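Both complexes below contain chain A, partnered by chain B and then by chain C.
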Partner chain A sequence: MHTHRLAPWAAYTVVGVGALIMLAPFWFMFVFATHSRTDIFSLPPPLVFGHDFAANLGILTSHLPFWRNLGISLYVALASTAFTLLFCSMGGYAFAMFEFRFKDALFALVMGTMLVPSFMNMIPTFMIMDALGWIDQPRALFIPGAANAFGIFLMRQFVGSSIPPELVEAARMDGCGELGIYWRIVLPLLRPALGTLGLITFIASWNNFIGPLIVMRSPEMYTLPLALRALQSPVDTEWGALMTGSAIATIPLLLLFLASSRQLISGLTTGAVK
Partner chain B sequence: MRLRSRFRLTPAWTPYVLILPFLLLFLVFNLFPLLFSLFLAFHSWEPTSGLTAMQFVGFDNFGFALGDEWFWKSLRNTLWMALASGVPQHLVAIPLACFVHSALRRGRDWVVGAFFLPYITSTVAIAILFSALFSTDYGLINLGLQGLRHLPLIGAAFPAEPVDWMGRPEYIKPAISLVVFWRYLGFNMVLYLAALQTIPGDLYEAARLDGAGPLRQFWFITLPSLKPMIFFAVTLSVIGGLQLFEEPFILTGGRGGSDQAGMSTAIYLYRMAFDFNDFGAASAMSWLLFFLVAALTALTNRAFRARGPAS
Partner chain C sequence: MGQVSLRGIRKSYGTVDVIKGVDLEVQDGEFMVFVGPSGCGKSTTLRMIAGLESITAGELWIDGDRANQMRPSDRGTAMVFQSYALYPHMTVAENMGFALRMAGVAKPERARQVGRAAEILRITELLARFPRELSGGQRQRVAIGRAIVRKPRVFLFDEPLSNLDASLRVDMRIELTRLHAELGATMIYVTHDQVEAMTMGDRIALFHQGRIAQLGAPLELYNRPATEFVASFLGAPRINLIDRPGAAAPAAHQALWQRLASAAGGSVQRLGVRPEHLQVLPSGEGVPATIVLAEHLGDCSILHVRVDGIGSLLNVKVASTGARGSSGEAIGLAVEGGAVLAFDAQQGRVA
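And then the complex of A and B:
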């Protein structure tokens, strides 16, 4: 537009090749998922789909309670999303619309913890979960996650920019109760932000590795990333099955991304742009 | 408005009730663990002997960590990988974002999507795939390198023998860094794209009228305007790079690789706690690493403040 006078085809070639290199690993993940271990490690390695998907799946389900692991991943991700949306929208609404004691200090504290690296809480979290008896319990993953500082930030921004205080005031004058205002007026208006936060929370929970690594100890309670890692062994890794499992773990993310990439990208970079 | 609130149409408890569930979880699962970790760092304790066996040991854990050769090695590894994956991310993402911003009209969403996709996919699945791609004899990465050897002129720069990526200590860190670079490139690109969209077009117009070519425009308009975003993105890379855990953990099978060459500090403190059962030392290490993150963030901040006259 303003700087370059490059021929369009050249621009598209450069960027297109780059994009293909970025996507190539995904292609090979799905290709390898349909090949046996010996096929994957042969010369030349497979470049197109094969016929061993079912066989790989068989190996996968015989080594692991794979479907159960998938179910736990899904359950944790959905519960995590539900709790995060509920608690963060309530909290964000309070931060944006009300005055209360220690509000600014509390908000600063919450935002400050966003910068605390995740490894800081690894050890104490394990001890707390152990003390609560939550080891091997899905709630050890979705309850703590609901106190999501980013979620509070996002919700406060959105309430502040798109819900007029007059509307809340008017509902109050009409005799609507405070929780009714939140539930019937604020929540529906928050829908776009809830969608974004929901997507981000679901994906983060689905991919979460450190959390389950700390609290999920028995294979029946593993989430997908843990189950896949358990299949990795120094001597005899079933690579075909491992690729099939990885591909299955990736499919939901690809679908979500295809359906909502714009919303997701802008949501994940909100903190930066605002 | 003021009158109304004096009549207390809004019950005073409302904000407290709204904030309560979040606050409770925040205190129990975010703030308390942080304080507890500080407490642990000054105590000696073995998980097998019960909570009552905890003993105050002053700075012993910190002394132990600072005298531990593996801890220092893990710090060097972490810094190495943070730099090797972080610096190229920005050196590639900035020109790439400028290029996409100025040269691409149609299909931009697809290109951005392709670059961004690695950021949202499971690190574990990705790292598993890359361990197959990095295989010495059959991995596609080595086959690609062998293929590039046949190129005229530059071919000789590529290795003649297949590289033992995961077996030889000197190749583990570059391999891990490559995966991290691949994962975060698109994220940074999107940040820079967003910043580019806020630069007013007439700045370029004026520069062009003054006879400034594309390179001068990039140097005198684009880069200075991007400075706040570069600061922000580099800070994120510093914080993220120093807590590197999943990629090296999966690629080295959870142990750090041969000669611990791929053992990041986050992996080492995980092992210190859960493999070697020393929670006190592990907590002390996590605080030391945290101070390093804070110091480097402050340093980045200063570097960006110092350069350039006004911003």
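And then the complex of A and C:
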């Protein structure tokens, strides 16, 4: 057997072409956001920025309560992140550090929820939210997933690998109550894992389409993915405005990712290889 | 101010008995060492005193208060962990003052007490640093400082020096002994290191299989061990144990037994003689033996010696001036008078 070694320029070419293919949709989204509907469908399609951004934004805001939808998206994503971090860290800490009856069975149950396909949850979710009177309310989007299996699992692994039990015992001897130990000792040490889970949760909430589709009824309560979808119709879609909305919706995530990609990647591997 | 008394203490995990009844009175101001092989229950007993493990049966009294159900922080004990267990996200000063902060002590008072403890341990210049910026020895000092700040009635040490390298361990051993004299507090110290046990303790409780095999002053345990186990646990190299020879045993075995057994009665099944109590004579004198391995340590030499008929090699410790021994050399063995321990069939000492 002999091994192939790609010359450096060949490797860069492959990676470069791959990157272009991946980036093309983003590029066209931003370009189309500045062109009118007729420009977009001209041949060849526009490849550089145009002058119709303001006009598109005008169409967008006249068709939709766009800024309100953006605000609701932001509110749901932030609340979802905060609640998920709180409950998953508590759950993960408990499963990692405490001994209690039925612990293994309970953990198996939590993990088991990951086996249920999300489509099976759609109708029950609607019925439960309806029974609670939470239809058209943002809390229907951030409360149900606050203690989710993935988050609890991630936290449990991280606590298990990076918080020695003696630390908790030392705090106990120092007169710290159990809630105090969680808040003053455990939570600060979980920061890398909290950062990772926070990012994942924020992104998932921001992009969530099915969830709002099930529980949000009136356009004033739509989140962005739902609102932008409402802009489309079989016969008459304002593609320029749609692209403008999509581009604006992408910006928070891009900023978030630029600020924290290092954390996101390192956090996903910490605990795994420690 | 720091009396600990254990009365019939037991610990079970399900059907497994880990501690099988420990009775112990630790005097005020005493330095008590728990020593024993791993799994003997010494750490579990310490953790029960600390309140980190529940007590299955028996009573724990600290200064006349029944402490079985007390919360760890109410027992007046402070613990120094093997892994130091410093809070990584707090500075040294915050680590040391954490218990006071939990107790609601005002900030200036906290700083004063932390400062004083830091002075005792000579770590004042480290107060603003984080644990990750400290060496192992410095972390250990901070962990001890955190205990001192609480002004406990009883200090509990769980193998505090085993993560340090050898030379630092010696320094910290001396430091801890000095600290004990300075603070005058009761200290209970768990270790598996017999040198620490022998040098630091006022008294030693030697644990074996969930019980205290013997309790007493270090030299008392060394010179008058209650059982074979105690005799062989303390002392390095290990004590030599020689079985009573059968009628068909080789002459050398018989001869050695004769020399050792002058004082022993009929119930004696095994004799113990420490390596430093065996003497090396020129070949032809004493009990005939062969050197299998000689370890020359500079100040002394350890000879591993075969005597015909005895299964295991005998350890002989001789002063360096007498260390001419080399592998394969034939020598004679003699025994210093009066230094022999005799054990019966139940492994208890009879003489």
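FYI, the second predicted complex is superposed on the first by the 258 of 274 C-alpha atoms of A that agree within 3 Å, B and C clash if a C-alpha of one lies under 4 Å from a C-alpha of the other, contacts with A are read in each partner's own complex, and residues count from 1 in each chain.
The rule is short, and it goes like this: a residue touches a chain if its C-beta (ideal position, glycine included) is under 8 Å from a C-beta of that chain, and two chains touch if they have at least 3 such contacts.
All of these numbers come straight from a predicted model, not from anything done at the bench.
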Partner chain(s) touched by A:Y93 [first = chain B, second = chain C, both, neither]: first
Which superposed partner A:V14 touches (first chain B, second chain C, both, neither): first
Partner chain in contact with A:P188 - chain B first, chain C second, else both or neither: second
First, second, both or neither for A:S261, with chain B first and chain C second: first
A:R172 touches, of chain B and chain C: first, second, both or neither? both
Chain touching more of chain A, residue-wise (chain B, chain C): B
Which of chain B and chain C A:A82 touches, first, second, both or neither: neither
Common ground on chain A, meaning residues reached by chain C in one complex and by chain B in the other: 169, 172-173
Complex contacts: residues of chain A adjacent to chain B: 1-4, 6, 8, 11-12, 14-16, 18-20, 22-23, 25-26, 28-29, 32, 40-45, 86-88, 90-91, 93-95, 98-100, 103, 106, 109-110, 113, 115-128, 131, 143-144, 146-147, 149, 152, 169, 172-173, 178-179, 182, 203, 206-207, 209-210, 214, 224-225, 228-229, 232, 234, 239, 242-243, 246-247, 249-250, 253-254, 257, 261-262, 264-265, 268-269, 272-273
Sites on chain C touched by chain A in the complex: 50-52, 72-73, 77-79, 81-83, 85, 87-89, 98-99, 102-103, 146, 150
In the complex, chain A residues that touch chain C: 164, 166-167, 169-176, 180, 185, 188-189
Chain A partner contacts - residues on chain B that touch it in the complex: 1, 4, 9-11, 14-19, 21-23, 25-26, 28-34, 36-37, 40, 51, 96, 98-100, 102-105, 107, 109-126, 128-133, 135, 137-140, 143, 182, 185-187, 190-191, 194-195, 201, 204-205, 208, 214, 217-218, 222, 229, 232-233, 236, 239, 242-243, 245-246, 249-250, 253-254, 266, 269-270, 273-274, 279, 282-283, 286-287, 289-290, 293
